[in-house]
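Everything below concerns the one structure shown next.
Chain IDs A, B, C, D, E and F follow the sequence of writing; residue 1 opens each chain.
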Amino acid sequence: MTDTWLETLITETPQQGFELAITLSRRGVRYTQPDPAVLKKLRPDYADSAEGLVAASQVVAVNFQTIAAANNYWRPATQG
Amino acid sequence: MTDTWLETLITETPQQGFELAITLSRRGVRYTQPDPAVLKKLRPDYADSAEGLVAASQVVAVNFQTIAAANNYWRPATQG
Amino acid sequence: MTDTWLETLITETPQQGFELAITLSRRGVRYTQPDPAVLKKLRPDYADSAEGLVAASQVVAVNFQTIAAANNYWRPATQG
Amino acid sequence: MTDTWLETLITETPQQGFELAITLSRRGVRYTQPDPAVLKKLRPDYADSAEGLVAASQVVAVNFQTIAAANNYWRPATQG
Amino acid sequence: MTDTWLETLITETPQQGFELAITLSRRGVRYTQPDPAVLKKLRPDYADSAEGLVAASQVVAVNFQTIAAANNYWRPATQG
Amino acid sequence: MTDTWLETLITETPQQGFELAITLSRRGVRYTQPDPAVLKKLRPDYADSAEGLVAASQVVAVNFQTIAAANNYWRPATQG
């Protein structure tokens, strides 16, 4: 891909970090399957499936772990 | 999502941290499938399935790992 | 849940830490499916299934990783 | 379980650490299914199955990660 | 394999790190199945499958975690 | 097993580390199923299957994470 979509892992809040984890998870899918038409067609297969949703949530959890570490867990500065 | 649901990863006790891990896991699902009706319909597919419950527990475990690290494992202050 | 079941991640021995990891894994399941009757009914689906047992062991491994880190791996004090 | 089977995560060599990871993985299974007759019956379901073997290897990998960290990766003392 | 394909985990930007994580994930597959004809034949099995794409994204997430740690999360130098 | 196959996690280059991760992943399988004839028979089940290859790549990713940490990510000495 030639566009720039990830310039930093640093976010202001944990919630923005979680949303960045969603983005990373989706990008991981798009690098494997770049065709938007295929992605659209497949969406119900996981978004309407309990197993698919839990698996997607697992990927988000791993990416959030990375982003949270990058941000020192958004700890208040005095806590170190 | 426009609501604020995650302001900090810091909790007072490990149990509150575990419960926050549950919240993160559910939110991971809701970002992928925001429609409450679909989520409700799918719930028995994992909550009444051994495989689904173990998979959900795996997501919670990864999120708890992140939250526990953020809280320095709730170690007593003297332990470092 | 209103009961207190997790007050600390610190244990005296690695084995107690491993057993706490079992507890966390089971609690992860119970937050998703709190009905004991359903849990009892589903138990053979993973406890009598090779795939289910390995998946359960994976959850325990992730939780043990968290607990072991919390306890500084129960290293002797002189080792740092 | 009342027997003591895990007294330390520290091993002399990486290979002993890997073998301890095997032990942890098997114990994770046995806490869920303590009946040796059931375990013996299920063994071919994963030991003679490609999917089962890869899943078992995944559990070993996570446990080895924990044990390797506990042992500071068996780095030579001068390396820090 | 005799060619050199991985000389460093250090990248200039997070996005390059993410793309390196894609490379590692694919190489993991190629070490197991080096035959390009087989790989090509199997590609639709995961690239056109929701479950396959999410599983691939999970591998990328784990590899990105490694690469992000290697790069100190590309934090600005003043942040430490 | 009585042979010595893992003496150190330290490698000279990231690529050698990745190849060691492959070795660990295969050894994890062999501890569960030591019979070479069975392993040979099962090989097509994952090496010729998209799902099996991605699962194998996931194990490699976890083992590479361990080895990369052991080697301080092969960072140049001046980088710390």
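What we mean here is this: a contact is a pair of C-beta atoms (placed from the backbone, for glycine too) under 8 Å apart; a residue touches a chain by one contact, two chains touch by 3 or more.
Note that the structure is a prediction, hence the values are computed from the model and not measured.
J.: Answer with same or different: of all residue numbers used at the interface between subunit B and subunit C, are over half used by both copies?
T.: different
J.: Taking the mean of the CA coordinates per chain, how far is subunit C from subunit D in Å?
T.: 15
J.: So how far apart, in whole Å, are subunit B and subunit F when each is placed at the average of its C-alpha atoms?
T.: About 30 Å separates the centre of subunit B from that of subunit F.
J.: Averaging only over C-alpha atoms, locate the centres of subunit A and subunit C and give their separation in whole Å.
T.: Result: the chain centres lie 26 Å from each other.
J.: Return the residues of subunit C touching two or more other chains; collapse runs of consecutive numbers into ranges.
T.: 46, 49, 51, 55-56, 58, 62, 65, 69
J.: Line, ring, star, complete or other: which describes how these chains touch one another?
T.: ring
J.: Can you list every chain round the ring, opening with subunit D and moving on to subunit F?
T.: Here the ring, read from subunit D toward subunit F, comes out as D, F, E, A, B, C.
J.: Please name which positions on subunit B make contact with subunit A in the complex.
T.: Listed in rising order, the residues are 1, 4-10, 24-25, 27-29, 31-33, 38, 42-43, 45-46, 49, 51-52, 55-56, 58-59, 62-63, 65-66, 69-70.
J.: Which of the residues in subunit D come into contact with subunit F in the complex?
T.: Residues of subunit D touching subunit F: 13-15, 18-19, 22, 46-51, 53-58, 60-62, 64-65, 68-69, 73-75.
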